[in-house]
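Order of writing sets the labels: A, B and C. Residues in every chain begin at 1.
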Amino acid sequence: MASEYKRYARALWLLAMLCACCALSGCRRNTAGGVNVMGSTSIQPFAEVLADEFNSRHPSSRIDVQGGGSTMGIQSVTNNLAQIAMCSRELKSSESRYLKPIIIALDGMAVVVHKDNTVSNLTREQVREMFVGNITNWSQVGGEDRPIRLITREEGSGTREAFAKLVMNNQRVSRKALTQESNGAVKELVRGDRAAIGYMSLGLVNDEAKIVNIEGIVPSTDNVRNGSYPLVRPFLFVVRMGAVLSPAAKEFLEFVLSPQGQHLLVEEGLVSVL
Amino acid sequence: MTRQAISNPLHADEGADNGAPPPQINAPRHRRQLRIPPDVAQRIVVGGLWAIAMSAVAVLLFIIVFIMVKGLPHVTPEFLLQAPAKGGRLGGVSPMIFGTIAVAGLAVLIAGPIGVITAIYLTEYTRESKLTAFIRFGADCLAGIPSIIFGLFGFVFFADTLGLGISIISGALTLALMVLPTIIRTSEEAIRAVPAAFRDVSFGLGSTRWQMVTRVVLRSALPGIGTGIVLSIGRSISETAALMLTSGMVARHPSSVFDSARTLALHFFTLSREGISMPKAYATAAVLVLAILMINLLAYWFMRRFIARVR
Amino acid sequence: MRASQGMPKRSPLGAWLDRKQDLFISSILLVVALSAISGLVVITAFIFKEGLPIMLQVGVGKFVSSSDWYPAEGHFGIFPMIMGSLAVTAGALVIGGVLGLGCAVVLTQFCPRWAVSILKPSIELLAGIPSVVYGFIGVVILVPMIRVHLGGPGLSVLASSIVLGIMMLPTVTSISVDALQAVPKAYRDGSIALGATHWQTTRMVILKASRSGLVAAMILGMGRAVGETMAVIMVAGNTLDVPDSILAPVRTLTSNIALEMGYAAGDHRKALFATGVVLFVIIMILNTIALTVSRRRSRRKSGA
């Protein structure tokens, strides 16, 4: 009966599909014209804006922006899976032996509290004592009588490493601190909790949270650029030392560091390196 | 005996369902265990169970309504047909819709047949042994491994070692591995639930094992297998962590399975967690929920048709 | 019967296939099954290969019992995360198990058929809602509610248990429904005919007969809860302390892995894989317990 053959056909089709899967795994991806940019999720949204603009100017080339985290980016540059890595932390000494960092922008870091919090200025030392766990109540820094709730970023994130270096003097952050994995998450928590204090990328703070002045200095773009605001970190593009970049990758890097590219980043709230 | 008289109406209620006559025999074993009269217990328990079921449904309804109310106003034709711009703050989600279908569809196309065949082999073609028990056990354990580990594996193995790159095919293969345990286990459960008598009768009529499996066992087990597959479609669509590193984040229409594609769930994740745009995030979630609704309906329709045809 | 109808029209190829059929088919099936299983074996091996060395280097006992997790300083101890995972999973199992099983019993035993055909698909549909959406709603609605009404930071064991419980509900329900439906109708009719009420029948006959399926449902649901990542990261708070109440924030094994994996390098990365190994072992232990319990009960039942 016909259905009999159908069954065998189905079995054969299945086999064919399996073979196809195996065959697919054998063939290499054709990467001509495409440039993979991979790494830090905090730089990714900015890189996407840059890539969009670049792609629309150069329709023949293709910049693909991937996330995954700083280390995944560096790993894929090492393995040739990507040409450019995005890195929001500084390179480790073992990495800087064979990788070249390019600073594409500066990012100010804001210490943020709830909108209704009466505290509007803190010293670096006060922030450190809070995050170490020695200052535990807002009244100790001139605020309302309310226990302080700390919000930190995950171990290894560029934001946290910058905070550890600039504020904590590499002292440990209290075990009681809540850990969030993104700027948006920190903002969401601070927005709803009157006891909270956290730190996040300056460009991403809006009027839902209050930015605290550090040592009396307002964390504005100008103060970041002229160096008077202390909490600043670089955003890096990383390429392999001595690697031959494709023309498209080279052009993209040039575009990022050009006035037009930098202008896009400034529009997004970062600080230009020009 | 009076107790039965009271409980009769309740049975009459259910009687339409099973056609059983009202009980006339006392059951002394039950009386020892229950201080509350069984019919009262029945009412209390059934009430409680309905309350549980309804509260579950209410929570789930709330989630859907919440997403729809917040998101649907922002879902416009342009949103569905345009590519995102400015990191997702402007534009729409059309590449992500395409990417989601490609990645999840391919994953289930790969994992479905393989998973069901494995289940058939484990239940019908081998005797129950230490090995099958071990395989089942391993599959259960893998079901609990966080998806990010699958993602890392996919990145190292499919994207890097096999050279598939960060692409739809890498993502689909990773997802396939992820949902394989679920498909194997649910299919196995469904196949095992087919009464042994069916098999005996089939063999008795002179059918080969394969005929018995395809014509008797699979036919009865189909709804259960279908459930497993629908669950895996859902899991594939909603996955984020495993895809971040395998199918990637590129928000453009892919031109082949070797292109990277961002799925709707990943898009929602980026928009909401990095705080890029809340309205767009809600709108993406609404599209996602609608897409899942449509895919499930389609799956049910196909299954119904299939079941109707084979029966 | 139907098999014999097809016989006369077979081609020689078909006839040959018929003769060799069983061997032929079973070998194809074996190949497919082996490929599936080898996929699972490879990923298991991958996790252990990446994770075990650092675990042995630190010392298994120290790795599991120390509360110091300072990867930058080379301190790897995951005791708080183990406790966190257990607490959250237990909570989720209570919520999701009760809700899921309740739904399944209602759907199969106390519900008109038309309602089943609406309710069951809609519950399965919810399995497709992304965990990030569940987590997001948890953050936006549940966490502020807990913070305002119950105190604490809101991000807590309770919040994660509720979110995970709801997430595992579709899994538990749909698999339980299948298990309950697989109980032969004769069992139920027999019990009803013996004078048991509908609930007595459900409790004493149907739930018992479908136990292995229900245990599988719970295990798979529990697996989803233990292994869930994105939603937990959002609502758990991820502190490094062992939780001392259900309102305290908590870090689970999975959130530890997913939080730091993107940035980790060297020993830190290996330690995160080692966390995965511990997770694997915990799930193994849970599964073993569940299996033994269900097996012992069924043996006692058959002995009685």
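Here, contacts are C-beta pairs under 8 Å (C-beta built on N, C-alpha and C of every residue); 3 or more make two chains touch, one makes a residue touch a chain.
Source: prediction; values computed, not measured.
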* Provide the labels of all chains in contact with subunit A and in contact with subunit C. => B
* Where's the contact count highest, between which chains? -> B-C
* Asked: Among the chains, which has its CA centre at the largest distance from subunit B's?
  -> A
* Starting from the mean Cα coordinates of subunit A and subunit B, work out the distance between those two points in Å. => 34
* Asked: If you average the CA atoms of subunit B and of subunit C, how far apart do the two points sit, in angstrom?
  -> 13
* Hey, what residues on subunit C touch two or more of the other chains? -> 25, 32, 35, 258, 261
* Structure fact -> Where subunit B touches two or more other chains simultaneously, the residues are 113, 117, 272-273
* Check each residue of subunit A and list the ones that touch at least two other chains. => 14, 41, 67-68, 72, 181, 185, 188
* Residues of subunit B defined as touching subunit A within the complex -> 85-88, 109-110, 113, 117, 155, 158-160, 162-167, 169, 173, 214, 244-245, 248-252, 257-258, 260, 270, 272-276
* Structure fact -> So, in the complex, the side of subunit C touching subunit A is made of residues 5-6, 9-10, 14, 17, 25, 28, 32, 35, 69-72, 139-140, 143-144, 147, 153-155, 233-234, 237-241, 249, 251, 258-266, 268-269
* **Sites on subunit C touched by subunit B in the complex** => 1-4, 18, 21-22, 25-26, 29-30, 32-33, 35-37, 39-44, 46-47, 98-100, 102-103, 105-107, 110, 119, 121-134, 136-137, 141, 166, 169-171, 173-175, 178-179, 182, 184-185, 188-189, 192-200, 204, 213, 216, 219-220, 222-224, 226-230, 253-254, 257-258, 261, 273, 276, 279-280, 283-284, 287-288, 291
* Would you tell me which residues of subunit B are touching subunit C in their complex? => 4, 7, 10-11, 14, 18-21, 23-27, 30, 34, 38-39, 41-42, 45-46, 48-50, 52-53, 55-57, 59-60, 63-64, 66-67, 113-115, 117-118, 120-122, 125, 135, 137-150, 152-153, 156-157, 177, 180-182, 184-186, 189-190, 193, 195, 205-211, 215, 223-224, 227, 230-231, 233-235, 237-241, 265, 268-269, 272-273, 281, 285, 288-289, 292-293, 295-297, 300
* **subunit A - residues contacting subunit B, complex** => 7, 14, 17, 21, 24-31, 36, 38, 41-42, 44-46, 48-49, 52, 64-68, 72, 76, 79, 81, 181-185, 187-188, 204, 268
